[in-house]
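Both of the next two complexes hold subunit A, though its partner changes from subunit B to subunit C.
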Partner chain A sequence: MIQYTIKRLLLTIPTFFAISLIIFLVLNVAPGKPGAQSSGQGESTTGQEQKESYRIFKEQFNLDRPILLNTRFNLDTAEVREMLAISSNLSGEEGARERIEASDDLDDYGNYLVQHLLVLLDDADPEIRRLAANQLTAASQSRFVNDRRGDAEAAREQNREIGKANDLVKTWGYTADAPDADKLAIHKQWKDWYSKNEETYVYSAGEKLSIFFTDTRFFKYWDNLLHLDFGVSTVDRKPVLDTVLSKLKYSLSLTTTAVILAYIIAVPTGIFSAVKQGKPIDSVITVLLFVMYSLPTFFTGTVLLKLLSEGDPVAWFPTGNFQSMDVGAMTTWQSTKDIVWHLILPIATYTSTALAALSRYARTGVIDVIRADYIRTARAKGLSEPVVILKHAVRNGMIPVLTLLGGLLPTLVAGSVVIEVIFNIPGMGQFLFSSINLRDYNAVMAVLLASSSLALMGILLSDLSYALVDPRISFD
Partner chain B sequence: MSRSGPNGVVIGALALILVGTLYNAIQINNTEQLGIDNQKKLDEILKNGVRTSGQAGSGGSFSGEMVNNASLMGEGCLTDQAKADQADPTNILSKPSQCRAKGDYVRGGTLRSVLASDPRGLNPYIANGADVTEYGLLMNDYMAERDINNPDNWLPRLATSVTTADDGLTYIIKLQEDVYWHKPAVDWDSGNFDWLKGDGPDGRHEFVADDYVFVWDMLQNNQVAGRTASLRNYFEAMDSIEAVDEHTLKVTYNERLYTNLAMLLELAPVPRWLFMYDQDGREYEQATWGLKLNEHWFNQRGIGVGPYKYAAWESGVKLEFEANEMYWGEPPAFDRILRPIVKDQNAFPRKVKAGEIDITSIQPEQYKTVVLDADGEILDNEHIQTTKFSTLTYFYMGWNMDDPKFSDKRVRQAMTMSFDRQGIIDSVFHGLGTLHTGPYPKQVACYDKSIEPYPYDIDAAKALLEEAGWTDSDGDGIRDKVIDGQKMDFEFTFLMYGSSTEYETLASIWREALLEVGVKMTPSPVEWSTMLKKMDEREFDVYSGAWVPGWDTDLMQLWHSTEADKPQSSNRIGFRNEEADKIAEELRRTFDEDRRTELCHDFHALVHDEQPYTFFYARERPVLYWDHLNEPQFSLNWPYQDKRYWSFQSEPER
Partner chain C sequence: MTNPQEEAVEHAEDPTYGEIVWGQFRKRKIGMTSLYALLALIALAVFVPILASNKPFIWIVAGETSSPWLASLFDRNFYENAVDIFFNVLMVTSPIVVPGIIWRFKSTAGLPGDEKKSKRLIGIFLALGLILSLFGGVMAFPSQSEKTVYPRMEQKLLDQGEAVTAVYPLLPYSFRDTNVRESRLGSSFAHPLGTDSAGRDVMTRLVFGTRISLTIGVFAVAIYITIGIVVGAVAGFYGGRVDSAIQRVIEVVICIPSLFLILTMAAFIEDRSIFHIMFIIAIVRWTGPARLVRAEFLRLRRLDFVAAAEAAGYGTRHIIFREILPNAIGPVLVSATFGVASAILVESTMSFLGLGDITVPSWGQILNSGRTTGVWTLILAPGFAIFLTVSLLNLVGEGVRDALDPKLRK
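This part shows the complex of A and B:
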């Protein structure tokens, strides 16, 4: 058993890695980019962020790196030349899409361009020479090191040096109408600079191999993850982990209560209808449950709000929220009461849909067992019907229902988007939904990874619980 | 017996612990209650002086002081320093036409107004978004502010006098004295933030000229992203902001542009003593402070010198401001401004009805069910009122002028004429808007009201298309034309924002009308980020859009032909017109108001004739409010719902 558990635990590591890889890929490949303005109805303000600042933004969030594998050291000079030509529309016939792509690529390739741009400084076309020099001012910029972890003082010192180096080369560009002598002087500056820094921009076979795997978004994400750094939100620039943790209490109190409540109601109902199988009362319960199951939560929720909190006919409950706004002036007891009062409707909505499936499982479980030989034996030895059912049948019939709990774990965290939106509960569901809309990669990753690691745990626990509940099952 | 023995002990012990815990909980609860009661009493005493008799309502204590503002018109609500500076005839700033809260009001209480989403931060120089600007204005002040009744006039705020000796290349700005920053919202008791204490009263910092020099430092540092990056374009003509002394600024420009002054006056100060330091009080490196500022630990809170100070922000729950009791200007009218966050906009009327909020704007569909279809009282409550305000936002359909189908202005005019704009405003938007004809908001002098919108006229549209060579030669009901030797049917797709039911209805109405004209249009509703990408890449025939212009509209960005050649520019439609270029350039350097109006009107007429956009409508927004508020006054300029101008008529019953 212990051996099995360890084996399974070890297996979760590659599984988790694979899950993170898939989510990461889907997220990064999906259309749209982070940092874009959200919009109410397609309105836009007339302010435009500067290209330079967007480049810095991309750099900060590693969005300039390739997603999974990096082959940028393999660029050849002709390619770079073409990108320069397209992005500045030298032929005069490039489409907007090609131009945007080319100039985004130039921004993203950064340091990898340096050696090729240096060659292009001697290109036959003066326009290309100018573009190359101007592109160099951006491409030669080194990235600042992260001083949020590790040796902060050393990182600061390093950043001072990097800042100095960056400032030096920042101004070495020129306009088309600059005098030729100036242009040549700048070219010479670049070449002198390059001869001093050449080893930084030319890559050995070993470096190439390392770049291939490590200079990528995915690697950097995992690198941070292993330092327990889930990153910063691209929307509000807060650490994602803090936000997720603050949202957890809302989702957990809603979903755990609802799930427990669903079990408390569903299991007895299921047993009851199993015992009364085929009788009219069983059909009534079945129909009722299916009606509840098929009513979508947004409908149930809105109807409950309309009837019970809007004042037609009654206003017994608040119109949403997790608790009142002025919690500061409440004692612990009052605020607990307040939260319960606010959560009654959302919990009722959540429970009503979860009920049906659970109670069906309970019913089937008991019915399966009721036909078994040992139940007949129990009856034959003269035990009363309640004892037969509760003591012998239910115990075994409930195994599948209990193991379902494992599968429910991730929903406890991810919450329910619809219910959280309708009842305005600021939980994980709401957060996930808005983060997806805003392409907040770090936030989406954090929520999904949290819920998928719980899913893995849940599956493991439910597998193990089989063995615990039913001695006939053994993993050894 | 032997089995129940230990069980009994365990159960007994558990029961004992339970009773003990319960007792403890009750005790703690009572103590808490006591503490809260005492705090309430203390607050009341502090607020009302000694004559208090515990009558405060639960919705926040009221001072009960009636304020009569009738005597405070004109310069009455200016500070003494600003009044004195009004004597200077060269001062650009003028007297206000009214004080903030107009008429009689009751000071105090909590204004509750709903919010549809979390802001992206509370530092208006970093976080983008009109909402952030609005909160910034509650917490901070600009140098000067547009008059609420006449936005062309500038009122003194942090600047009491703005003068220029050389016609706008240099400005000398005198700043208000005796102004103090809010005390930053940090955990002072922990002792970790003693380095943040200033020399002023209660450990505050005084507002000085350097707080504006820091803004200039931010504008110059490319690492500072977000809103500062968008602002940077507008300050390209600026050379420097220097502090002459503690309360005087000198601003120099290398070129005199019309937009210079407005951009300068609408700057709010930023405290260097806070934003140059990390949470432990260590100064940032010169090389990276710009990057650090983007993620500064105080960006989630707010700071300023304004009438309200930051109180709380719980993500997804609420945003809260409280009155700055040491405000240097007119005292704020509310004790608190509470903005509960409600993501489901369908819930807004429900919240008003339940009395959970005092005022909110609502959607057109809600306006119909709640206001238009109400027989009798709105939401069955005589105390709930409604009103409307107009916005600067205008909606349009932009034609891809690089597409041979739409390069002929007759075609574009025909498209506009086959679009029943007034009918759609009335039926789909329930009358919440007015027809729009040009590139300016209706409220400004530049908008030429004499230009008649194109009529909805199917026959005229047909005639125009015939004239432009689009005929139905093969009798399939769709017009066609031979372009570059190829026969082309008149078909196009309408790229539109997908999450709006109003636009779905609108598209199908337009589609029917176009079919009648002999044009096949296919609506293509997409999500915003996809739409943005398609617009940037110019992969559209026509798209639906809206601009939220400022009070002064600079035409270059949207209409100049140089912008048409840049990818990702705002001139996505590829509008190139020599005369338009000339006017746009001249307007940048024209300062005479009459000449400006003349030029704008020419431009308006030109664009109306060319119809690069099918100009659609300017939106009006309906509002529901409880009548314990004075009728809310709306600003012509953003923020339209400027809460500094609102007040309570009577103490709300809660």
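This part shows the complex of A and C:
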């Protein structure tokens, strides 16, 4: 048993890695530009400034890096030349989509372009020479140190240096109608600069290998994850882990109450129904539970909300939220009452869904056991009916129902997106819902990872509890 | 030695496994009633253009008779969605296909097992071939659309004093065309369930929604059952390392809360169509049937008939799909029926949250518009439609489950 437990615990590590990989791929392969809306700085800024701020934004969230593996050190000069030509539509036939893609790619490739652009400064085509020089102003920008773990003061000092160097090269571009002498001077400037910094932009075999695996979005994400850093939200720039943890209490207080309530109601109902099997009361309960089981959560929620809070016909309950706005002025007792008052409808909705499934399980569990020989033996021994049912039948019939709890844990943590959205409860579900609509990658990753890892633990616990509850199962 | 003829006759009297299950299912009143109701619902989905369309069946102006309704059935600019075209093909071919299939089943009843099976299969493949080739033909050729809005045209012609004869379906509305002048009407004789905020008739949208829900439910389940069967069969048949590798993958997938993953994937796809939604549901749900099939395979793999088939020299593929799978399919069938119900629930949840296909009339989306506008009919009507469909499927599923259970034989 101990050996099994240790084995299972160790297995959770690769499992967690695989989960994060899957979620990461799902999020990153999907189309749609993350944060494009939050980096737009309004109409006052020029196109160039906006582009620059978007570049820094992407850099900050590692969005300019390739997703899993990095092969950018393998670019060749002809390829870069082609992309420059496409992005500026030199042939005059490129579609808008291709042009935007090429120019986005060029911006993302950043430092990897420098050595190729330097070669292109001597290109036969003057347009390409100009484009190469202008692209160099962006490609030569060094990354800011974006480390929230280390010494903040040192990082700031370092960033100031980097910023100074970046600002210097930023101006080394020119327009098409500039005098030839200026163009040549700028080319000269670039070549001098490159000869000083060459070792940064030419990669040895070892460096290439390390770039291949480590200069990627996934590696950077995992690197941060190992330090429990889930990144910051692209929306409010706060660490997402803090937000997720603060949301957890809303979801958990809703779902744990609902699930406990569901168990308290469902198990006796199921047992009662099983004992009265075939009698009219059993049919009534079965039909009722069946109706509850088939009603969609969002329908029950919407109807309850409209019937009992929106004044159609009555307004006994608040129309949403976790608690009232003026919670600060309340005593503890008052605020508890306030929360309960707010949560009655969502809990009722959640309970009705969970209840139906649970009591059906409880009923089948007990019915399966009631036919067993040892129940007949217990009756034959002359035990009273309550003892037979409660001590012999229920104990064994409840095993599947108890182990269901482990499987329920993921849903418990995840809360119910639908209920939280309908009743406007600021829990994990609603947070996920708003984050996916805002394309807030870090937030979505954090919610999915947090809920998956709790589910992982839940499944582990449920597997172990099988062995504890049912001595017939052994893992050795 | 008996002669082959007698053997064949003996064979014919032996009911196949499918016949036993069907016989058991027929004895269950609730299951059978639900099955009939479900068939009626499917018929509604197939024949819904007869009930609701803004193209008149017959249109006579100045002595010229035409049928815009018939022309619109295969008009891809009118029925934009491939699903609608598919159902329209089903509707048009059903007078031939349905009696054909019934006749095939009746006429083969006395034949010995194998012959019966192959004749029935030929019949079903012919029907499928007819439907698919017609569907492919319609989709391959571009259609010329006419943009006439007939009710408006009729009014105009009548105002000009011309004689117009037009026969419309019961609900002369389109599920898509908006009409701001008639937005948010209450229930009336013309609009039994009123109109939504864009002026579309809710009843029309509701009946067309049947097509969407059933299609997504059935196809999503078909996709993930196929994935599940293949993966589960491979894991259970080969066992050992293959099995434990597949088990690890399944563990990873079930750890991610499914609704979260479904909503995330849906949100990150631009221009979602109902096909995306089917695939998203399938990607998340295949683990269920895979585990069922794996467990069945692990159990059946050790039985004598597999060893016999191996000794007889059959290939692995034959043993997996022809020998073991037919014996393992029972639990999968049950989970498929419940799966369709739950896929319909997932789809309506997605469209309720605005993460479904916004171009099709989906029940969840109607319910959401009811929630935001606070109109009771917009909440109750789609809610009841979902409830009815899901209940019927669950009841049929329970019937199948009981019919498969040898302990509960009647």
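Keep in mind that, in the parts below, the second predicted complex is superposed on the first by the 455 of 476 C-alpha atoms of A that agree within 3 Å, B and C clash if a C-alpha of one lies under 4 Å from a C-alpha of the other, contacts with A are read in each partner's own complex, and residues count from 1 in each chain.
What we mean here is this: contacts are C-beta pairs under 8 Å (C-beta built on N, C-alpha and C of every residue); 3 or more make two chains touch, one makes a residue touch a chain.
Since we're looking at a predicted model, the values are computed, not measured.
Enquirer: Please determine, from the superposition on subunit A, whether subunit B and subunit C clash or fit.
Expert: In the superposition, subunit B runs into subunit C.
Enquirer: Tell me the contact category for A:V388 with respect to subunit B and subunit C: first, second, both or neither.
Expert: neither
Enquirer: Quick one: is A:V421 in contact with subunit B, with subunit C, with both, or with neither? Answer first, second, both or neither.
Expert: A:V421: touches subunit B and subunit C.
Enquirer: Please work out whether A:L27 is in contact with subunit B alone, subunit C alone, both, or neither, and reply first, second, both or neither.
Expert: second
Enquirer: Touch test for A:S103: subunit B only (first), subunit C only (second), both, or neither?
Expert: The first partner, subunit B, only.
Enquirer: Please indicate which partner A:R156 is in contact with in the superposed arrangement: first for subunit B, second for subunit C, both, or neither.
Expert: first
Enquirer: Which partner, once the models are overlaid, touches more of subunit A's residues, subunit C or subunit B?
Expert: B
Enquirer: For A:G311 in the superposed arrangement: first (subunit B), second (subunit C), both or neither?
Expert: A:G311 contacts subunit B only, not subunit C.
Enquirer: Counting only touches as set out at the top, which of subunit B and subunit C does A:T15 meet: first, second, both, neither?
Expert: second
Enquirer: Indicate the residue numbers of subunit A shared between its subunit B interface and its subunit C interface, in ascending order.
Expert: 31-32, 310, 421-422, 439
Enquirer: If you look only at subunit A, which of its residues touch subunit B in the complex?
Expert: 31-33, 36-39, 41-50, 52-54, 56-57, 60, 89, 95-97, 99-100, 103, 144, 147, 156, 159-160, 162-164, 166-167, 232, 235-238, 243, 246-247, 250, 305, 309-311, 315, 318-322, 325-326, 329-333, 421-422, 424, 426-427, 430-431, 434, 439
Enquirer: Which residues of subunit A touch subunit C once you look at their complex with the stated criterion?
Expert: Spelled out, the residues of subunit A in touch with subunit C are 11, 14-15, 18-19, 22-23, 26-27, 30-32, 290-291, 293-299, 302-303, 306, 310, 312, 410-411, 413-414, 417-418, 421-422, 432-433, 436-437, 439, 444, 447-448, 451-453, 455-456, 459.
Enquirer: In the complex, go through subunit B and note every residue touching subunit A.
Expert: Against subunit A, subunit B makes touches at 25, 28-30, 32-33, 36, 39-40, 58, 112, 117-121, 126-130, 222-227, 229-233, 285-288, 291, 294-295, 299-300, 314-318, 338, 340-344, 347, 350-351, 353-354, 356, 380, 393, 496-497, 500, 503, 527-533, 536-539, 544-550, 553-554, 557-558, 565, 567-570.
Enquirer: Over in the complex, which subunit C residues touch subunit A? Could you list them?
Expert: Per the touch definition, subunit C meets subunit A at residues 248-249, 251-257, 259-261, 263-265, 267-270, 341, 345, 348-349, 352-353, 364, 367, 370-371, 374, 376, 379-380, 383, 386-387, 390-391, 394-395.
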